[in-house]
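Below you'll find the structures, each written out as C-alpha cells.
In the two complexes that follow, subunit A is the common piece, with subunit B as its partner first and subunit C second.
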Partner chain A sequence: MAADVAGARRTPWVLLSPSLATISLLLIIPMMFIVVYSFWLRTATGADQVGFYLDNWIEVLGDRFYRDILFQTFAIAFYTTVICALVGYIPAYFVANTPMKSKTFLLLMLMLPFWISYIIRTMSWINILGTSGALNTLMISLGIIDEPIQMLYNQTTVILGLVHYLLPFMILNVYVSLDGIDKNLTEAAKSLGCTGWQAFREVTLPLSFPGLAAGSLLCFVLAAGTYITPIVLGGPRDAMFANLVFEAIVTQLNWPLGSALSLVLLALLGALVVIYTRYLGVDQIAKSFK
Partner chain B sequence: MMSGWSLIRITTILVYLFLFAPVAVVILLAFNANQFGSFPIEGFSTRWFEALWNNDAIIRAFKTSLLLGALTSSISTTFGTLAALAMVRYDFPGKRSISTLLVAPILIPEVVLAVALLLFLQFLSMPKSFGLLLMGHVVFTLPFVVLVVQARLVSIRRDVEEAAMSLGATPIQTFFEITLPLMMPAVMAGMLFSFTISFDDITGTLFWKPGGVETVPTQIFAMLRNSISPEINALGAVMVIFTIALPLIATAIARIASARKIRAQKAAA
Partner chain C sequence: MDETKRYERLLTRLKDGDINRRTFLTVLGAAGVTAGITGGPMGMLTRNALAATPEQVRFDGWGGVVSEAFEKYAFAPYTEKTGIKVVSGTFGGADEYIARVKAGQPGEFNLAHLSGVFDYARYHGLELTSELNEANIPNLKNVIPGLIEPLRKITGGTISAVPYDYGTTGIAYNRKYISDDEAKAKGAKLMVDEAYKGKIGGWGEWKTRVWYGALQSDQDPNAIKDIDAVWDMIRAHRDLALKYWSSGAELMSLLAEEEIYVTEGWSGRIKALQDQGHDIGYHDPKGGLGWQECLFVLRGSPMAACEELLNFMLEPEVAIAVAEGQSYPPALDPQKVELGKVIPTLPAFDPSGTLKELSFFDPAYWNENEADWSKTFSRVQRGY
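After this line comes the complex of A and B, so read on.
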C-alpha cells in the first residue's frame, strides 16, 4: 500500500518529465547561458573572449541609437495595442451578444486568421497598397490620381500590418471575458434605472477588463518582438528592436552583443508579463484556448 | 438603442472585411493572367500554379515544412498531452510554478527564445541544422499543446476510468482502453494546433534554419526580399487553402469517427 501511495505521488512527475526536460534544456539553460554570454566579448578575429566585460551592456544601454529604436519599437507596439483594443472590442461585443446560430459562424471566422500564415497576411498588404496594388489601380481608374502613390514602407504600414496580424488575438480575448458575463447583471442594472450605455459602462466594461488586459498584453508583447513586419512593410528607417537582434546575431555574427540586446527586450517585455500575471494570473490567457 | 446595435453590427462587418479582404486579394491575384501578377485583372489563369509546381525550391520548401510540422507535432503532442494529464488529474506541490514553467516558452518573446537556443547550441558546437529547427519548434509549440489539451481534458469525467479499474483493469490498460480514446479529440486538437504553428513559424525559423534549407514561410520571405514575384500569390493561395482545409478535414474526420463510434455503441447496446 505504501508503495502504491509513493507511486501515485510520483506519477505526475513522470508524466511531466518529458516536457519539463525539454523546457529546461532548450529554454531555461539557454536563457541562463545568454546572460553569461552577454558579458563576453567578440574580438576582431571572430573568436569570443571569455570573461566579464561590460562593453556590450555599455554599448546597448548607453548608445542613443539603441535607445531611439527601443523607443520607436514601444511606440509602434503601443499604437498597435490601442488600435486593436478600440477596433477589436466592438466585434467581440457583437459576437458575444449575437444569437447562437450566427455566433458559431462568427467565431469560426474569427479563428480562421489564426490558421492563415502570418507572412501571407503581412505580404497581402503589398497587393492592396503597393504601387500596382488594388487601391492605386482603383484610384487611377476612377481618375482620382494620375500616378500611383507610394503608400507602403513607412511606420503607418508597419502598424497596419501588425494590427491586421494581432486583431484576432484581441477580439478573442475580449470575447471570452464578455461571453462569461452573466446577462442578468446588465438586465438588473437596466431595471434599476441605468440606460443601456450606463449599464455597459458601469457593468459590462469593467467585467470585460480581464479579457481586454490579456488581449492588450498579447498584442503588445507580440508587436514589440516582431522583426518580420518591419522588413516586409516598413522602410529602412522603420527597424524595430528585434531587427537589431536579428542583425547582430545572423548578419554580423556578434553573438555577445546580440545576447545583450535580446536580454534588454526580454527584461522590458518580461516586466510587463510579470506585472500582468501578478494582478491577473496566467489563467486569463489560458481561457482563450477553451 | 436599435441604431446603436446596427452601428455595432456594421463595424463588425467592416472589421471582418479588414481581416479577410487582403487574403482574398492574394487568392484573386493568384488566378490573374497578368504577367506581373498584379492589378489590373486580365483574366483567369492557372499559370502561376504551374510555375509553382515547376519551381524546385518551392517544392523542396514545402516538403521541409511538412516534415518539420509532422515531427514537431508528434513530439510536442506526446510530451504536452502527458504534461496536461499530470496538470488536470493530479495535485502535487509546486503545481502553480510548474504551470507557469509549462507556458514559459510563450511568455518569452520568440526572438529571445530563438537567440538563446541558437547561441547555446552553437556554444556546444552544434551547427545550425534540421535538428535545431526541430528542437526550436518543439519547445515553442509545447505550451500551446499543453493549454489546448488541458482545456479539453477538464471536461472528461473520471467515473468511466474508475469503473474500468474497479472491474479489474490495470492503470496501463485503463489508460489505453479508456482514457486515451476519450482524450483523442483533445490530442488531435493539440496535434493540429502544433502542426499549424510549426508550419507557419518564421520568427524563430529564420534564426535556426541552416543555409540552403527553407521552409515555406522563409521561402516566401526570401522571394519577397528579392523581388515581388507573381508566384508568391499562388504560393500564398496554396498556403491559405492548405492551412484552412487541414483543420476542416480534421474536424470532419473526427466527426465521422465519433458518429461511427456512437452508432457502433448503439448497435452493441
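After this line comes the complex of A and C, so read on.
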C-alpha cells in the first residue's frame, strides 16, 4: 500500500523529468553561467579575470548611458507593438470571418513570411525605400518628385522593419482569439438592438482582448530584444539595448559586462511579463492559445 | 591550464596507483557529462584527436570576392594535390571572429584571414597564437620582410601567421558629385564637410573612426595628444553621416546605389566597384591608413597540414591569382618575385616592397587604448 502511494507520488516527476532535464540543461545552467560571468572582469588583453567583482553591475546600474538606451529600446518596442496591434487587428478580423476554404489559404499567406529569413526580409526595405529603390523610382517616374527622398537609416525605418517582422505574430494571436468567439453572441447582440459597430465594440473586441494582449506581449518582448534591425535599417545613432550587449561581447570582448547587460534586459522583460500576468491573468492570456 | 595535460595527469595518477579505476572512470564520466553541457575538456580532446590526422582544416575569411578568390585559386587546387579538404567559413569582422574563437575549443578553428598586426597582438594576448615551423614554409622567403618583422616582435621571434596581402583604408567618393581635386585638397576632412550632410558614410569600427578622427584633428594617429579633439571629430562625422556600414558588401552597395557620396573604404573593394563600372574615386590622404592581412594559424591546429597550406598559398602563381581576384596586392616582395601586369595597377601597390609610404596601426599603442576607446566610441556613436 505504502509502495503504491510512493509510486503514485513519483510518477509525475518521472513524467516531468525529460522536460525538467531539458529546461535545466538548455536554460537554467547556461543562465547560471551568465550570472557567474557577470561578476568576472575583463582584463586589458581581453581575457577574463575570474573572481567576484561588482564593477560590471555598478557600471550598468549606475550609468545613465545604459538607462537612456534602455528607455529608447522600450519606446521603440512600444511604438512597434501599438502599430502592430492597430494594423494587425484588421486582417486578423478579416481572416477569422472568412469562409473556411479561403481561411486556409489566407492563413497560409500569413505563414509565408516565416519561410524567408528575418534578415532578408529586413534588408528588402533597402530595395524598397532606398534612393534608387522601388518607391523613389516610382515617384520620380510619375513626376511626383524630382529628386529621390532620403527615407532609409533612421528610427522610423527601424520601427517599420520591426513591424514587418512582428506583424504576423500579432495577427495570428488575435486571429486565434477571434476565431474562438461564438458567432451567435454577435448575432444575439444585434438582435437585441446593437448596431454592427456596437456589437463589435461591446462583444467582439472585449472577447478578443486576450489574443490582443498575448500578441502585444510577444511583439514587445521580441522587439525589445532585437539587434539586427537597427544595424541594417538604422542610422549611426540608432541602437537598441541588445546592440550594446552585442558590442560588449563581440566588439569589446567584454563578456562579463555583456552578461550583466543581458541579465538586466532579461530581468526587466521578465518583470514586465510578471506584471502583465498579474493584472491580466495567465489564464486570460492562455485563452488566446486555446 | 591545458586540459589535455589535465587528463594526462589523471591517467598518470591511475597508472601510479594514486587513484583506483572506479575513481578514474567516475571523474572521466563526470567530465563527459559536463562536456555535454559546456563543450568543455572532452570536446577538446576529441578535436585534438581529430587534429592529429586531419582530413580537413577550417579556414575563416571575410567572405565576398575575397573568399571566392581563395576558394577558386587556392583551396580547390590544394585539396586536389593533398587530399585535405579546406572547410571555408566567413566572418563579418575581426571582433566577431575573435568572439567565436574565444567561445570555441582549441582546434575547432584553424586558419583565419585576419587583419594585420593589431589583431595579431590581440590573439597573442589571449594566448591563441601557435608557433609555425618556418622550415616547412619555404615560400616565406618571398614575403616582404617589413610585413613579417612586426609579427616577430609581438611573438618573441617566432610567427603564428604569414603576411598575405596589404591594402589601405582611404577615401572613396562618387565622382559625379565630388571631383578628384576636391578629394585631394580636403583629404580626411572631406568626411566632415557639411556640404555633404546626409550623404556621408563611414565604417562603424572604433579603430578606423579614431584613426580618421585623429587625421581630421591634425594629429598623428599613432601618437594622439588630444583625444577629446578626436572624439569631437567623430561626433561631427556622426552627425553628418547617413550610415555606418559594417561590411564590404554594404560599403559597395551604399556607394553604388548613391545612398552616400563619400566614405572611407577598403582599397580592394573600391577597385572592385570601379571594375564594375561605377565612377568612384579613391584617394589615400596624408597619413592614410595602411594595413596588412595575414593567414593566422590558431593554437591547437594541425600544424603540419596548416603549414603545407600556407606554403601552397604563398606559391607565386597562387598568391598572384588570389591577389588579382580580391584586388589587394600580395605580400610577396616585388623585388624578389615577378608579379605580372595586373598587380602593379592595384590600389596601394608599392613597387619598392618597403611600404614606407603607408602608416600602420602601432599595435602596442592601440592595444593599450583598446578597452577604453572601443567603449567610449560605443557611447559617442549613440549621441554622447
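The working rule: the second predicted complex is superposed on the first by the 249 of 290 C-alpha atoms of A that agree within 3 Å, B and C clash if a C-alpha of one lies under 4 Å from a C-alpha of the other, contacts with A are read in each partner's own complex, and residues count from 1 in each chain.
Simple rule for what comes next: a residue touches a chain if its C-beta (ideal position, glycine included) is under 8 Å from a C-beta of that chain, and two chains touch if they have at least 3 such contacts.
What you see is a predicted model; the values in this text were computed from it and never measured.
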item	value
Superposed partners subunit B and subunit C on subunit A - clash or fit	clash
Partner chain(s) touched by A:Leu15 [first = subunit B, second = subunit C, both, neither]	first
Subunit B versus subunit C as contact partner of A:Ala199, first or second or both or neither	neither
Partner chain in contact with A:Ile249 - subunit B first, subunit C second, else both or neither	both
Subunit A residues touched by each partner, larger count belonging to subunit B or subunit C	B
Subunit B versus subunit C as contact partner of A:Ala96, first or second or both or neither	neither
Which of subunit B and subunit C A:Ala77 touches, first, second, both or neither	neither
First (subunit B), second (subunit C), both or neither touched by A:Ala47	second
Partner chain(s) touched by A:Arg237 [first = subunit B, second = subunit C, both, neither]	second
Partner chain in contact with A:Ile29 - subunit B first, subunit C second, else both or neither	both
Which superposed partner A:Leu162 touches (first subunit B, second subunit C, both, neither)	neither
Residue range of subunit C overlapping subunit B upon superposition on chain A, of 241-249, 277-285, 349-357 or 367-375	241-249
Subunit A residues contacted in one complex by subunit B, in the other by subunit C	29, 33, 126, 130, 132, 231, 249-250, 255
In the complex, subunit C residues that touch subunit A	37-38, 95-96, 98-99, 102, 122, 125-127, 198, 202, 204, 206, 238, 241-244, 246, 253, 257-259, 367-368, 370-371, 374-375, 378-379, 381-384
Subunit A - residues contacting subunit B, complex	9, 11-13, 15-16, 18-20, 22-23, 26-31, 33-34, 37, 87-88, 90-91, 93-95, 106, 109, 112-121, 123-128, 130, 132-134, 136-137, 141, 164, 167-168, 171, 196-197, 221, 224-228, 231-232, 242, 245-246, 249-250, 255, 258-259, 262-263, 265-266, 269-270, 273, 277, 282, 285-286, 289-290
Residue ranges of subunit A in contact with subunit C within the complex	25, 29, 33, 42, 44-47, 65, 68-69, 126, 130-132, 150, 152-153, 231, 235-237, 239, 244, 247, 249-255
Contact set on subunit B toward subunit A in their complex	1, 4, 8-9, 11-12, 15-16, 18-23, 25-26, 29, 36, 38-40, 78-80, 82-83, 85-87, 89-90, 92, 98-105, 107-113, 115-123, 135-136, 138-139, 142, 144, 146-148, 150-152, 196, 199-200, 202-203, 206-207, 216-217, 220-221, 224-225, 228, 232-233, 236, 239-240, 243-244, 246-247
